[in-house]
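To keep things simple, chains are lettered A, B, C and D as they appear, and every chain counts its residues starting from 1.
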């Protein structure tokens, strides 16, 4: 039913514009490799633009990612409009789609950053159930890099509810879900966390990593960087016996 | 009343010279991103050259900063001579101006470096008021990278007062001010710290980062790097139970 | 008796294809230098392609490695088809050959990564013999980046034996052998470990580093990165008093 | 008396060859900046080639170093054959010359690496005088990257005395001298340490950094990298309560 199905699928990933999703994802993969987020083909990135979803494939060396490696899905029908023959679709796909469906996101980033993993391990060792299932931190400037809900505008207020980015005196909360044997089996728990924590901008996966989203690439990347900064700072604070909240 | 107001504002940011402030700030933003100082669009850089102040905008991905993204202000009238439509001015602007006004600086750098934040957290946990409000360190060679007052010459002595850079046996002192909900509200405390600590080359902001200045880009960058080195070393020394002073 | 012996040996290392082993090893050396794996001319890389074995030489600055520096060996006769005059063959050569002989590997990577060394030091300090001689970790997502045996397909099952990559709930085990005065003297212990631990994808060398292999460069690199990630995470977990298994 | 005095001094620093000392030092400065060895204009590099000594100047941003910034000295007369007007000679100059005079070195590298500084701080806190004044480590593979005396050949044996590189079971020893207010005042203590420790390949300066030399750039760089690796490993071992010797 897609307007795209009669096209040569390579048209979908061919553009001289560095901001075209196929080029942009390739460039992000190189940056995220340098940040240690996608080591050993782990992690992933997806962009949704209008009715097209672009997805980095499973098992690709992220720093060598090329537009030709990209999967493209029709957002309405969920059918692949382009499938590279030498790759499998990413097991993260249903998790990226959850961010598009439940948060209206335009980009979703999944990292295996050790800081994310270590934060879930520190929380796991807490005797307190609330601490075990949610990472909380406050009064650190970088919190201001995170929007409520993860893809909210930082301009519009609506029906009295506070919108926009978190402030310095707000508490940032990121729920932690338990890992499963297969990545796609995380989908239910991730969607549940998105519904139970409407202000969260990301979901941590215990002993695994984090899913972060944004209304567009700029916001998703800013939030992924700000959260990783906060996870790293929290691990260092924990090592010095300093409390996060 | 500026001589520049009749110009096409893009002339102000267009030059083939890599040392032109618009190009130089863009290059510095890329370097500072790699150093982890401006993660998640945090931090900022400004250069004052003659009667023009160049300012990186708010919310820009620093490693992708371009000359076109630059704000340019008239130093005398404090009016913007160039405002990119897609960005807001940086909330750091009044803080950068404070360094130009009170220290005759030609460049000011604001980082969210975790080492700066961790040093303020370690100091915060001290029972001693003086330690809580000022970071002090001595007998580390890198201290010699810092000038008295932050924008002093290292040549000229004046009225018997010692000028130039700190020596190995001098104590480096950087005052720490408390963070506020909004960045611009830091201005008063920052100016007060500059007046109360005439020898300081920077001001730390608790749980936030640091403002460092210099007479020109070279000195500001050297001092920002030297201070970050000292903050990092101090955090590592603290972790090993070694004293800073 | 090689078909290659009448050739100009430089033909073996000359190709415009970045995936040609002589170019590929040079590129990998630059990446591994940036990862801190081959500091001070330490470590090494080898690719076996059909009946040719490509080997980075001893004592080369890895980030400056060029195709001209490459040794090429005939896999059947074990004779050098190309020997650069200004270098000695790598002392790792018999260890790389062991991975090709006993595991059917197509690529072998040797790093001096500090995380590998630190893991062997932590294990060494254990009172328990099994812990001293084998690094084990489980329930970390990145374990899924490692195949059973190190060069297995992740598709084929055979005679009821489980093949493919490790799962999240499997235990990853990497045997640790003791270091010797001369690198080539490690060969016996390395081969013994390969036979005693048929599922291992790598062998750690105490106070020295790690040997990792794969069916091809992609798999060897993915496994080297995934293992280094796990070693680093384990060291950090140890520092926080968290158990690996 | 120099054969070079009638030349245009810029001839001394102009060459298309990347291995020419003026180009090579510039390239090394960029690498060392990325390694965190020459932060904030600290540290330095010098090459001696035949009767010419090339020296990076004082106060230069090392990652922006250009051949034009180079000082060139006549090795026999110790007169400058080329002095850039915008820079002062490095205060490290007499220390670099000491390595050329007393060790026949062809290159000397001075870093402010935090790992070097931290090792001197850990040693300083020891109750034992021998530990306070000399860093010792053994049974780590990377020790094999260091030659006896720092600029020895690893081939030639002479009068029964063992030459060549250290072995895995040898103890690496690097003497530590106390810092002084002015860098040039270190010369006497550095020369004394070179004479008192004929096998040492470097001298640590307490709370300051390290001087490392080699017969040529390749050996000096390999030894500087290997030592920095060992200092970093030692700091990490110390943090885990593991002994170095």
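Criterion: a residue touches a chain if its C-beta (ideal position, glycine included) is under 8 Å from a C-beta of that chain, and two chains touch if they have at least 3 such contacts.
In this text the structure is predicted, and so the values were computed from the model without any measurement.
Between subunit B and subunit C, the least number of touching-chain steps is 2.
With centres defined by CA atoms alone, the chain at the far end from subunit D is A. Although subunit B and subunit D carry the same sequence, what matters here is overlap: shared residue numbers make up under half of all numbers found at their interface. Relative orientation of subunit A with respect to subunit C corresponds to a rotation of 90°, obtained by superposing CA atoms and rounded to a multiple of 5. Taking each chain's centre as the mean of its C-alpha atoms, subunit A lies 32 Å from subunit B.
Averaging Cα coordinates per chain places subunit A and subunit D 45 Å apart. Shared interface positions of subunit B, i.e. residues touching 2 or more other chains, are given as 239. In terms of inter-chain touching, the protein chains here make up one closed cycle, each touching precisely two others.
By the document's touch criterion, interfaces exist between A-B, A-C, B-D, C-D.
The residues of subunit C lying in touch with subunit D in their complex are 39-42, 59, 61, 63, 112, 114, 117-118, 121-122, 125, 179-181, 205, 207-209, 235, 238-239.
Those residues of subunit A that touch subunit B in the shared complex are 31, 139-142, 145, 167-169, 218, 221-223, 225-226, 228-229, 232-233, 236-237, 239-240, 242.
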